[in-house]
C-alpha cells in the first residue's frame, strides 16, 4: 500500500503519479529507492501531485494485470522498473496514448511503433562499481589498520545474473586498473533473503585472505557487514548508504563500511518529474544517467572521510572525473554470455 | 437425515468463512484507514471486472495441476513433496523446446508440454524409486531434491538458454508457435484451462474408475492388504509418483507456455506447496480439486486486489489466507453441534422405527 | 586442490561448521520431539521466523538479549500451542495447519516489522541485542581444537546441550515415556489414563520452543538483525535431518552436523572454478546421498544377514537329510 | 449402570437404555452378537466413551467417569479386545505407563521392575519385566494387560474377549488366574463369544442384542443353547453337520519345505503334506509353531527358501501373489485388519480387492460400476453382512461383519484351494456357524481346504484329516479325525508324542 488512495482525488490539475514495483519494499535497494523518489516528489510538489506506490510482489503473473489496471485508472504517469517489465510495457503503452510511462533500470525498444509516451532511464552502475573496485584494490594493498598483505578482495553477489554481474565487472575492472595482480574472490549466495548465508560466505572470503568485500545481494548482502565486524575487515555497501543503516544502532559495524556504491533511483525519478513539469521530459527516448546526474554515486560520508586515507580519496575523485570525461570506459555485463563472465571471474580468481 | 447433514456442512463452511473474515477484518482494521473498502475489494474485487475474474481462472490453472499431482501422490500414502521441483523443472524443459523457432503450431506446444511432463515424471519418480528400493524416506529426499531442481534449472537457463541481450536472467523468447492460445478476450485465460479441466476429469476417472487408480488407492489405504490381494505395491507406488510428477511437470510447462514470454523464474514458484493445500482441502479427491483450486485462487486474487488498490499491506493477505485455510479445513469445528443433530435424528428414527 | 585442503582443514572451517549447524540442530530437536509424540511439525520454518522477529523486537525494547531470547522461546512455544489447537482441537489436517502457519509467519513477520520498525526488509532501525559468545577457559588454549570449539555463541553450546537434554528427557523421564507411548500407540496411552491430546500439546509446545531457540539464534547470534524470510528453509532442512537421523537425538545431531559440514563447504568452495549453481546444490545433494547410503546400507544389511542365515540353515538341512 | 444410551457420531445407536449391574466378587459375563454394544458399554464404564443418557452408580453413589483416569481412580481396570501395549517399550515400562514411580526427575525403572515382579508372583502371572513387548507371544501380552490393570489397583476388572487369541492351555491357565483374583476379592466382567467358557467360568451373565440388554441370568440356570437363542434371536446349531469327505485329486502339494525366519530360526522344518480336492485338512498346533509362516509361503507373501510347493500342479517358486491367486487359491488371513481389509474403504471396494482387474468387473479401461454393485449387493445378502449400504466404510462394521466381508470376497472366486487361517477368530456364534457351514459347502463342491486354527473345537469339528505342528515340524498325521481324542491331540501339540516318519509320510498321499 502507499500513502494516498486514488479514487478520491479531487482536482484535475493535480498530477497523479503511481509507482508499481515488481517486488516488495524493504529490499534496501532500488525498490526502496524508487519509493523514496515518490516521497521526494511529494515533498517538493506538495498538493500539486498525488503519489502512490503499489507492490506487485515477485509473482510475475500478477504484473501484467496490475499494469493494465493502473493504465486504465485515472493516473497521469505510471512508473515501473526493471527489465522484466519492458516487454509488457511495450505491448501495453500503445493502447494508452494519453498516459505517460517511465521505466527505470532498463530501456524499451524504441524501434517499435508508438513508444513515444515512454521515457526510459538506465544507470551506470558499472562505473560506480569501478570506483568501488579501485577503492578495494587500494585498501587491500594499503597499510590501513585492518588491511593484510594479501592482494585479495571479495565480491558477494545475490545470484549469478546480469544485473549483479554488471556490478561485478565494473568492480573487477576497477581493481585491475589499480593493480593487475589483485585477486577477486567471488561468491553468489543463491538468494536475496538469506543474510546468514551471506555472512557465512563473507566470513569464508575474509578467512581466505580478503580484507575488504563488496556486497551486491540486497538484504542477503547485509550479512557481509556482520561478517566484517566479526572478522575485523572492511566492507563496501551497495545501493543505499549502508553505513547509515547501522550508524545509530551499531556504530562499530558502521565504521567498517568504508563507503557504499549508490544507485539513486529516487534522484532520477525526481529529475524526471522536474523535467516533465518544465515540459522538457524526453518522452519517447531513453537516457543513461551516471555520476553527473547524481543517479549513481559514491557515499562520501563521515566514515569514508575518517577511515579512507586522503590520498586514496583524492585518487577516487580523479578516477570519477576520468570516467565522467570518458577517459576511462567501463565494460558492461549486459550482452555478455555466461561463459564469458565465467572466464573473466576465473581469470581473477585467487 | 443425509440432506440435513449436507445442509449442516454447508452452514459450517459458511460460518468458518465468516469467522475467518471477521479475523481478517480485525487484521485489516489494524492495517487500514478504510477497512470497509479494503474488505469489499478483497471479497468482490475478483468479480468486478472480466479481467479480474480472468485472473482467478488464470491462477487456477497451475493449482489444478499441482493439486491433482499431489493428490495422486498422496493417495498412494507417499509423502512426496516433489511437486514443487517437478513444476519448476517442467517449466525449464518446456522452455528448452519452446525457444526452438523451427517447429509448427500445435505440435510445438504438445512437444513442450510432453518435455515438461517427462522432466516432472523423472523428478518425482526418483524419490519413489529410492523409497521402494532402499526404503529411503521420500519426504526427506523430495524436499532436498526440490533445491537441487532449483539450482539445476537455474544452471541450465544461465548457461544454455539465457538471452544475453536481455537485461535479466531470462531465457530466449518462447517461439510464437509454442504459445497456448488465449481463450477469453480481455483476459489471459489460455488453453491450459481446458487441458487442466480435461486432466482433472481424467484424473477422477483414473482414480475411481480404472484398475490402476484402484491399486493406487488400495496401496495407499493399506499396503499390506494390497500386497495380499495380489497387487505389486512397489510398482504401484512408482507409477503414482511418476504420474503425479508428470502432471506437475506438465503444469509447469503449461504455465510457462500460457502466461510467459520467456522463462524467468529465479526461485521455486511455490505452486507445489499450494498443490498440497488444494489436495488436502479436496481430501485427495480429483472431483473436489477444482473447488479447492478456485477457493485458493479467489482468495489470492482478492487479497492482491486489496493490497494493490487500498492501503492494506500486501503481507496482510498471507495472514488472512492462513486463517481462512485453517478454519475451513477444521473438521471438528462445530462438531459438538453436529453430534447433537445426529443424536436427535437417531433418537427420532429409533422411536419412529419401532 | 591444495587450496581445497587448506580450506577444509582450517580452524575457521571447523568453527564455521558448528556455527552453521546450530539453528538446524535446534529445529531438528523440535522436529524430533513432535515426531516422537506422533505429530509431524512442518511449521518449524514459520516458528523460527516468528521467534527471530520476536527476539529482535523484545531485545530492542527491553535492551536485554536475555529477555529477547526468553520472549523468542515463549512465542515459539505459543505458536506450537496454536498449531496444536488447530490440529488437535479443531482437527485441521496437521500438515495443512502447519503450511498455514508458515504462510502467516511469512507475511505476518514483515507486517509486524513494518509496524514496529517502519521497514519491510530489515530491523536495522531497532537497537536489538545479540547473545554473547563464550570462551571456554581451558579448552580455549588447546591448539586447533580450542579455536574450533571455543568462542561460540552461547546458543551454539545450548544447541549441543539440548541434544543431551533431549536424550535424557525422552528416554529417562516420565513425560518422555508418555510421549513415546503416545507417538507409538495412542490408544494404549489413552487406555491407561494418559491424555493423548495433552501430551501432544506439550510436545508441540516444546517443539515450538526449540524452534524458538533456533529462530533467536538466527537474529540474535548468527546475524544481529531480523530480515524478511531470513530462515530461508532451515526449518525444512531440520525436518530432513531429523528423519534422516532415524528419529533419535544423536542421529539427528549427526545428520545436522553433516548438513552443516556440507553447507560450510559450499560456502567456502565458491572460489573453485565451477558454476555457482553446482556449489549451491552441494548441501542438499549431500543430504540425499547421505540418506540413501544410510537407508541402502540398512536394507542391504538386513538382506545379507537373511541370506547368511539361510545359507547356514540350508547346510544344516542338507546334512540333516543325508544323515 | 442405568439406562445408558450411546449414539456414535455416525448415527449408530450402540447402546439404548441399557441397565447393567455388578455384584462385588462375582465374575459376570457379557455376551451378545458382534456389534451388540458390549465393547461400547464397557468403554463407557471405563471412561473412553461418553453416553448421551444414563448414569453410573458405584456402591450406590453416582459417579461421573469423564476419562480412564477417573475410572482408574475408582478402581476400574480394563483389558481391551485389542492389545493396548506399546511394542517398543519393555513390560515394566508398559506396566507403569501413566503412573510411573519416580526417582528425582527420572522414571524409577528399578522400582517398576520389582513391582512388576512382585505383582506377577502374587497373581501367578509370570512375565519378564525387562522384555520388550514386541518380542512377546500373545499369551504373555495378555498377562501383561491383566497385570497392568491390577497394578493400577483395579477392583473391577473388565476383560473384553481375552481368550480370543489364546491357546486352550493358555485359556485354562488364565481361568485359574481369574479364579485366584476372584478369591482375592476382585470383581470381573468377562466378554467372550465362546459360550462353553462362560459356562465354565462365570457366575452371572448379561445378554445384549442390538444395543439393548436382554436381561440378566444366573449362568447355572441357562444352557448354551438358551444363551445363543437370546443373543441371535433364533436357534443356533452349535455343531456343523457334515457328511463324509470324498477326497479326489491333489490340489496342494508341499514337499520338504523349510522356512527360515528373520532370526535365523527354522520356523518350518522340512515338512511335506498334500491337500486333496473335496477334503478339509486341519492344521492343529499351539500358535507360533510355524503355522503362520507356512501360510505365508503358500500364499506367496513370503519367498520359498527350501523345498517345493505345487498348487494345482504348478510349482509356485518365483510366482507372484497374483499368479498364485490365479491358480484358484483364496486366503482368509489370520489378521483381518492388516491383511484382510482396508478399513477406510467402503465394503463394495473391499469386496473387489483381488478381482478388481478381472474382465468381469473392468473393461479395457474403465470399471463397470453396475456389475460391481450387483456383485456387492449379492455378496452382502448371501453372506448376511450387517450394514447400511455397500458404500459404508468397513471400519464401521463390527469385527464379525468385517470377517464376513473377507470371507465373502475370498469365497466368491470359485476357489480350488482355500487357505483359511483362523477363519472364525473373535466372531460371534451366528457368524461362526455361517462361516463353518460355507467351508463345508465349498468342500462338498470340490474345493480343497487347508484350515489353520488354534481353536481345538473348530479343528476337530471341521477337519476331515489333520496334521499337527510342533516346533516347525509335523508331529502327527491323523487320517480320520473322528477317531481322535482331545487328550491324544494335546500330546502331539505339545511335542510329547510324535508319530513315526512313515506315519507322517502318509500326509503326502503318494
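Letters A, B, C and D mark the chains as written, and numbering starts fresh at 1 in each.
Assume contacts are C-beta pairs under 8 Å (C-beta built on N, C-alpha and C of every residue); 3 or more make two chains touch, one makes a residue touch a chain.
Note that the structure is a prediction, hence the values are computed from the model and not measured.
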On the document's contact criterion, could you list the chains that touch chain A and likewise touch chain D? B, C
Hop count on the shortest chain-contact route linking chain B and chain C comes to 1
Averaging only over C-alpha atoms, locate the centres of chain B and chain D and give their separation in whole Å. 44
When the C-alpha atoms of chain A and chain B are each averaged to a single point, how far apart are the two points in Å? 36
Listing for chain D: what residues touch at least two other chains? none
Counting only residues that touch at least 2 other chains, which ones in chain A make the list? 24, 160, 190-191
Please list all residues of chain C that touch 2 or more other chains. 110, 114, 120, 275, 277, 280
Those chain pairs that satisfy the touch definition: A-B, A-C, B-C, B-D, C-D
Touch list for chain B against partner chain C, complex: 30-31, 130, 133-137, 139-141, 143-145, 147-148, 151-152, 154-155, 158-159, 273, 276-277, 280-281, 313-319, 321-323, 325-327, 329-333, 335
Show which residues of chain C lie in contact with chain D when the two form their complex. 168, 172-174, 177-178, 180-181, 184-185, 187-195, 305-306, 309-310, 312-314, 317, 320-321
Touching residues on chain C, where the partner in the complex is chain B: 86, 89-93, 95-97, 99-101, 103-104, 106-108, 110-111, 114-115, 120, 233, 236, 239-240, 243-244, 275, 277-278, 280-281, 284-285, 287-288, 291-292, 294-296, 298-299
Report the residues of chain A in contact with chain C in the complex, numbered from low to high. 24-28, 32, 160, 185-188, 190-191, 193-197, 199-201, 203-204, 207-208, 218-219, 222-223, 226, 245-246, 248-250, 253, 342, 346, 349-350
Residue set of chain B touching chain A in the complex reads 31-32, 34, 37, 51-52, 55, 58-59, 151, 154, 158-159, 162, 164-170, 188, 255, 259-261, 264-267, 269, 304, 307-315
